[in-house]
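After this come two complexes, each holding subunit A, first together with subunit B and then together with subunit C.
Then we have the complex of A and B:
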């Protein structure tokens, strides 16, 4: 069977099956590696860490980008689509990130991390805790020390990349 | 579900996509992010601008966390305590001051109070020249320093128009023999001088 016509069946954690074109499925480095190691007759790939709702979103991303590359979609259109794609609640966003990390889809992982970073930018510690439902677990002394450090941090900028 | 449920590598990738200020803010959110931040490689270079932050202990512990290779301080008032904390930053190799204010004569001796064996270059650029004796005294106090300089430079276009010639003292240490030598140069200046 040629790779062009090949269909891969992805099975989510909750046993839902998704039939996906080979080129779309192999945007995941993990799936590409799995398919390389098995015979051509193998078409089913279990994705035990990702539920159907999240897997559907991930496949939606891969399908769009596979097609966008094929038809040479403009950067502007892709950017607009990415922005809309990331308009999800926090829980879905984090699950997409976890799935992208597990499936090793570098572009989706980058997009998700940039989205989270964009949500964090210019917010205070308290605002970030509220936004992401995080409980502070420092002692009062540690909090005070951190505040003093961050006073300096607000007047500090990083000039270039980190050294090793 | 919280952002803390993200795997370590993903948390780290999020931090990498933040500017320095947001990264430092995220570090103060909770212990999980604090730990991810602290596993970062040391920072290559930071710039400290003029501002209101005070309390040298805060700066000392922040520098210990980010361990920059190079620090550029611009437009701050330099006190001997601040000089001591900056020069004591762990693994610091270069320290530069640009247009920083100080009293009638900058007491650079505090640069040597917190011995820092990694510190190799210190430079001052501004409207005033630090005298060669002070620079030489500091070179003696901090054996790791191989180059120490003070240069006058106009701050803006107006100053440039009226500027006196640029003057510079450079003290260097021969790494082989340990001999300290200093040189003075004078260049440029407007037609009015």
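Then we have the complex of A and C:
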């Protein structure tokens, strides 16, 4: 295989071209599969449902992680980089998630999902509504009833003291 | 672009990174979220993640007709069910427990065949699960038992029976043996503690009764701060599991 030095051209939805090293591009399982099925001269891969802004972010991720693996970057550094990388607005974050799922980049999908999960954790229902611009449509009674049913937190501490 | 517009497989992946309480909170957002985060399949996965059960298509549950996995989940939380593994689970008697809400500890025993303290040792087992604490490690070398007279047992040796990681995919991972096991949410670890029984104790319940508590030091991974968990032996629980048959034979029930 002449993978070294091989360049893959990724074309975004809005027709912007990105030149990416083979090793970086094939961090996407989708692209790796596509490139396996075509002749070696083919270097252009259209990514029809990812726009340039998001694709640039995704490539940035792949490039960093490709390099990090090559130079054996410490786990703490990678973690810190990931954290900074995920500091984007919600819309971008969701689009990255969709792109990662489409391009089949498991690690990025995982990172994105954990980031969203982290945003939800330790927040109240009202805070989550605000965060994701959700207007509740339950009546107060319905909500109170549901809260009652979900009330394990306090239940658990009571259970602890009662010997089963 | 809204969160709920993400493809459903991405949403389930996010949901499975969450703990049960957060998931229940999402159901309160609105009726659409109630449906998304309340799906029966999702709660079945949560059950696997939290209690490490291999298969929840258990006959007993299936016979009851349509199963609401979320109800099963809250029932299991309320009875404080032990996570399952070859060394832990429903069938293991609980001889002691702790009072914390972020980490659950179950104390159980591997009984000897005749329930006599023949070798002078008891094989006590600790099952420790992180249920809502920040990631932490337990220091097995620091596990210490105390007898009711305030003294430690004459000898104790601790062996690690494996760390069981909970997985977001619902798969059951094989146990890991690592030097500094890190317990993240819903992970649990099992220690076998061989302790010397008081010399005059002849049968297991008699020996067990002389113990008062076990202390387990832990360290929070991020802050490096130390914590100490204590698990008390529940006297009334101990004798419940042993029975004396006619002829003086003891059995473990």
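Operating definition for what follows: the second predicted complex is superposed on the first by the 143 of 164 C-alpha atoms of A that agree within 3 Å, B and C clash if a C-alpha of one lies under 4 Å from a C-alpha of the other, contacts with A are read in each partner's own complex, and residues count from 1 in each chain.
Basically, a residue touches a chain if its C-beta (ideal position, glycine included) is under 8 Å from a C-beta of that chain, and two chains touch if they have at least 3 such contacts.
These numbers were taken from a predicted model, which means no experiment stands behind them.
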{"item": "Contacts of A:71 with subunit B and subunit C, given as first, second, both or neither", "value": "neither"}
{"item": "Contacts of A:97 with subunit B and subunit C, given as first, second, both or neither", "value": "both"}
{"item": "Contacts of A:117 with subunit B and subunit C, given as first, second, both or neither", "value": "both"}
{"item": "Touched partner set for A:145, first subunit B, second subunit C, both or neither", "value": "first"}
{"item": "Subunit A residues contacted in one complex by subunit B, in the other by subunit C", "value": "90-91, 94-95, 97-98, 101, 109-110, 113-114, 116-117, 120-121, 123-125, 128-129, 132-138, 143, 146-147, 149-150, 152-153, 155-157, 159-161, 163-164"}
{"item": "Subunit C-touching residues of subunit A, taken from the complex the two chains share", "value": "90-91, 94-95, 97-98, 101, 109-110, 113-114, 116-117, 120-121, 123-125, 128-129, 132-138, 143, 146-147, 149-150, 152-153, 155-157, 159-161, 163-164"}
{"item": "Subunit C residues within the subunit A interface of the complex", "value": "1-7, 9-10, 13-14, 17-22, 24-31, 33-34, 74, 77-80, 94, 97-101, 234, 236-237"}
{"item": "Complex contact set, residues of subunit A against subunit B", "value": "90-91, 94-95, 97-98, 101, 109-110, 112-114, 116-117, 120-125, 128-129, 132-138, 143, 145-164"}
{"item": "Complex contacts: residues of subunit B adjacent to subunit A", "value": "1-7, 9-10, 13-14, 16-31, 34, 40-55, 57-59, 61-62, 65, 69-70, 72"}
